[in-house]
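Next up, some structures in structure tokens.
Below, chain A partners chain B and then partners chain C, in two separate complexes.
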Partner chain A sequence: MLGGYMNKVLRINLTTGEIRTEPLDLNMARKFLGGRGFASYTLYKELKKGIDPLGPENKLIMASGPLAGLFHPCSSKITFAAKSPLTGIYGDSNMGGHLAAELKYAGYDMVIFEGSSNKPVYIVIDDDKVEIRDASHLWGKGTIETEKQLKDELGDDFQIAVIGPAGENLVKVAIIRHDFGRESGRTGVGAVMGSKKIKAIAVRGTKSIPVADFDEYLRIGKEMFKSLMSSPIFPEFQRYGTTMVVDWVNEIGAFPTRNFATGYHENYKELNGTAMKERVWIHDKACGFCPIACGNYSRVEYKGKTYYVEGPEYETIGMIGGCCVMPSIYEVTYGNYVCDNLGLDTISTGAIIAFAYECYEKGIITKNDTNGLELRWGDIESFAKLAEMIAKREGIGNILAEGVKKAAESFGKDSIKFAMQVKGMEISAYESHWAPAMLLAYATCDIGAHHNRAWAITYDIEVGREKITKDKAERVVFLQHARPMFDALGVCRLTWVECGLNLEYYAKIYSAVTGWETTLNDLLKCAERAWNQNRLFAIREIPDFGRKYDYPPARWMEEPAISGPTKGRLIPKEDVDKLLDFYYEVRGWDKYGRPTPEKIKELELEVTE
Partner chain B sequence: MARYLAAHSEACSGCKTCQLICALIHFKENNPKKGAIIVKSNLPEPGFKITTCTQCGVCASVCPVEAIYEENGVYKIDRGKCIGCYACVSACPEEAMVRHPAETAPIKCDLCGECIPYCGLNVLYIAQV
Partner chain C sequence: MAIKIRTGGLTLKRYIPDIYYVDIDSPLTVRDLLTKLGIPEGLIAGVIIDGKIVDKSYEIKDGQEIVLMPPISGG
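Our next item is the complex of A and B:
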């Protein structure tokens, strides 16, 4: 029995109803670690080229990691993955909460959902007992009511992941939600779950996770807690969570305002951590085994009703507050609630609605297109209405539900120039008109534009924003390995990102837990392997995949920022090409952005048709 | 003077680190379900509630085989002696005793205090009354 892993994979076929277990592939564990790595390997190996992401041939992966559920800070991340209906390539999104640990206590490292049911179901995984149950009484309900009802029916000790109406209606920015506030938000994994007619997955486990060297593991785990909790940043990050950065991001002009036309929101002090803490916050809410508790549980009144929601976090503040130019934290908190309950990603939905506002302002769409709904920047009522139309695919919502790229193709009139996406996925909350490393991170992110894989903007500030240099590509590549390493291990990266916990700890504890002597470089190599595997997935799917899919939207290359500290700035296409040249060189890819045979061999990857 | 593990529930974030370290110290197992602290939420309503043992001794008084004994004001279970009748679990006025399917004996707090330093929000403390 390999320590840290439960050594078992569960496979559930929704078409046939067959449920079976398989031993964990130890070669996969060694080469891909777990979580996101398992998803990369499994989807490349098992999915046929060209399948419909919303058809029964797609597979939904739910994978925990070898360090999840163990005693070290923030061991709580689970990955959901599939061929993305939003981008058509490999897609994944991870969440915290308590599900990653619970899945292991139930005895599984990974669950693979195959086929699709012809009626709504929910899955119960209760240790060794696994059932597919009828969910017709839950279909159509919001995420909050669904999770609450299942908690009441099954018991508070079940950890539950659900979809909302957006997932049911195959909206391509639909989320999977858990613990009343943790989300796998990106790449449309909620739509894949909806296409299989799985309304919810409930997990409970009573088993123990084996470890190879108990004393050493516990010693390192205790040291990691003490080191994290004595970090000078710890108290502030605990107090504000990710909202801590709102002020700084505005001061450097990177707050995505007015659909990324500028990096500065004039009223940002109405949206920052202090506003959140003083006006809507009720209490801290943590994921499993996390002493930081960066999550904030909040309350907001809207039209005489009280709503509770976890958040808003920085990304939601950026994408609803900045991108859609909301006046204060109250509107953002209510918008957060609306999206969460409908099962929509706040990042993509913020980008899509901001795009719709801009199209309306420019006359590209009119009241005739919106069923008479007037679209205005900063108007939460139209935001909430449009979000509902997207989730239910009503009227123009049916077009917007396809994501901002498809919507731009439908609206035409050069709107693609300000459709803020890469590879079909909406850009998250860092305005990069004058942040070359951050722009490169978005351009090259393996799942489409997402900050999570490389938060490189701090590097731009550190070494000089004007620089278009190879070291920026090197930094982006390092981050694209270090951060996904956490997603593979099943651990939250914010211990390191925000509080500076030493990365070497993860090699030490992985070695003690598994009994496999492993260095930090070994772990980073596994992350690099998954990154290249995902690139090969995209190349297999899309014959001309490469450089032309790595360009940011024209707004960043052709249209200067309109105000704030970055006013007048842009990064022209020739500079983007320079950055991509550096990036491909650092990665060992050819000039079209394809892994070379030497790189493929070095990483021991198999290429299949 | 009685001493027991107490909690400022209103500050709890629900991370359950206390349950995990408790199981590691007492069972050498990664299994928070074997922790002697109960953390519950009533989500989507806000807040968490922590239940801890107050060392009141009711459990010892109802045990038919005298498997629960007192040592310096702390009630402990002789796990070999326990017959698993759960009279103590039913009698506990705080509902602070934990049952786990793999254990015959229930699980209760022995006031070791190991959970306290790992609580990031300083929710747990030793109360003296």
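Our next item is the complex of A and C:
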């Protein structure tokens, strides 16, 4: 018996209203595991070259993984994916919460949303009963109100994913949000959902997930829990979550401050884990099956009103607090609330607003461009106003809603040099003026700059930040397979490097669950296959795609960091080229950054027009 | 002066066991302790003593338990 998979794909066409199911392609399951792997394969296979990411021909994928929804640690991840409106290439973003499990219980491994509706709708997936319902009463509402209203209407046992005004208005950094605080935040998947006029997706299920060897599964699952929870630092990890690193990144000069001009925020202690815990934190919050509960639920007062939000976690602190130079955790928490409720990615929005602040400071844009709004570093009022203008595409917000790359092309005056993005997507919260492996990780990330795929900054520190060596490329490539492997399996990766859980567990438990005897190398090969598939997607879309799309912004190569531990540092273009040469060699790609025929054959990939 | 160190995660495994006891002769700071143990300071994301995050300049007292947190990738 094959376990882990529900053996069913749900296909919903918003144009025709047709709803149908089909058996899961087991060849795809073998070769791509699940989650983002399914998305990579399906989007490459089913999308025509050159389609409009916000048109009806794009498809929005919602896919869990074979390990999601079972009761070993942290089995809660689901991926949303589409051709990205932000980058024009393959895009995805995963989230925790409870949706992955519920989708499996409803009986599906993957849902493919096709076409687009001519009126706002929400989707109800209630086991085998699937409906497209009118959402005109929800359209225009914030994410919090939308999710709450649907919970009230449908029942608390539905797991719900929603978009906010940003997704409705096709803002290219719009998120899909679930469980009042879990987000598929990157690559603009929320805009794709908005383009299909889907306001929300509600899922409830009552089925069981098959497991091939239940006794063995139980044995390994228990071992995983024991290993994870007996880590001597487990209680501290629970207490502070990801905010713990704020002090550290400032000490090493990697906190993205003042639009990445420096890696050091002078008042970082006003933004760190202690500040969060003592000033805004109310209680911890966990995704399904997670004993860590790294999420923080917080409360903040602003202008006499009280706001509640899940967060801020590290990335939000880095991108709103550091990048926009906010003075304290209070402003960051309020900014977090504003973005979440509007349905904006806090990472990209932080980068976009920091970019706008810098353009304003340099006179590239003026009050004439901002409807009289004065833009100042550290000013939460202008941040909140600008976020709203972006979400509603009002005034200059309509330009900023396209992301920093497009905004820089619109503003001109060399602003592209400090538009902090790769492949069109804003860089997340690790300042890399002096972190070559981290810079390479951002530069080569398959969806545009994102730390999630290869978090290599600790490697820079371990082996020497000044080194431009092949082992750094090897490390980045390994991470680019290992970390996405978690996304494909439908489990959280924080158990691994952070809590010390051995990677081999995932091969053992995948074997026990599915009944397919599988090694860790087999799993990593599947992740490599998806990585190359995504590169082929980009090459098919953009004929000259390759090395020139893998460069970081000029700021990191030409402008030294202005303060802090990395003051005066940069990584010149010739060193970036050396890193890319190493990287392409390790990957088995040619010098232009394209998979060689041998590599394509080795991975059993098909190239189509 | 006896100190107990707790740590974990993969990044620090090559430098120190998850639970480690060390004797020191004279008062020293967390930073000094890291140097003594050969752990790169840049790989310690946080130091926690008595449930509070402390600086690496904190002077360690006899019998204290020190938690060395590895870097955690955020969000």
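The criterion applied here is as follows: the second predicted complex is superposed on the first by the 608 of 609 C-alpha atoms of A that agree within 3 Å, B and C clash if a C-alpha of one lies under 4 Å from a C-alpha of the other, contacts with A are read in each partner's own complex, and residues count from 1 in each chain.
Basically, contacts are C-beta pairs under 8 Å (C-beta built on N, C-alpha and C of every residue); 3 or more make two chains touch, one makes a residue touch a chain.
Just so it is clear, the model here is predicted, and its values are computed rather than measured.
Enquirer: On the A-aligned overlay, A:N371 touches which partner chain: chain B = first, chain C = second, or both, or neither?
Expert: Neither partner.
Enquirer: Quick one: is A:I233 in contact with chain B, with chain C, with both, or with neither? Answer first, second, both or neither.
Expert: Second partner only, chain C.
Enquirer: Per the contact definition in the header, classify A:E315: touching chain B only (first), chain C only (second), both, or neither.
Expert: Only chain C is touched by A:E315; chain B is not.
Enquirer: In the overlay, answer first, second, both or neither for which of chain B and chain C A:D179 touches.
Expert: first
Enquirer: Just to be sure I read the superposition right, which of the two partners does A:E498 touch: chain B = first, chain C = second, or both, or neither?
Expert: second
Enquirer: Examine A:I252 and indicate which partner it touches, taking first as chain B and second as chain C; both and neither are also allowed.
Expert: second
Enquirer: Is A:T458 in contact with chain B, with chain C, with both, or with neither (first, second, both, neither)?
Expert: Only chain C; A:T458 stays clear of chain B.
Enquirer: Scan A:G288 for contacts with chain B and chain C and give back first, second, both or neither.
Expert: After superposition on chain A, A:G288 lies in contact with chain B alone.
Enquirer: Taking the stated contact definition, name every residue in chain A that is touched by chain B in one complex and by chain C in the other, in rising order.
Expert: none
Enquirer: For chain C, which residues are in contact with chain A within the complex?
Expert: 6-11, 13, 18-19, 40-46, 48, 51-53, 56, 67-75
Enquirer: Under the definition above, what is the set of chain B residues touching chain A in their complex?
Expert: Of all residues in chain B, those touching chain A are 10-11, 13-17, 20-21, 23-24, 27-34, 40-41, 43-48, 100-102, 117-121.
Enquirer: State the interface residues of chain A toward chain B in the complex, per the touch definition above.
Expert: For this pair, the touching residues of chain A are 69-71, 98, 101, 105, 144, 147-148, 151, 156-157, 179-180, 205-211, 214, 218, 222, 225-226, 229, 238, 282-293, 295, 297, 299, 308.
Enquirer: For chain A, which residues are in contact with chain C within the complex?
Expert: 231-234, 236-237, 239-245, 247-248, 251-252, 272-274, 313-316, 318, 347, 428-429, 451-452, 455, 457-458, 461-462, 494, 496-500
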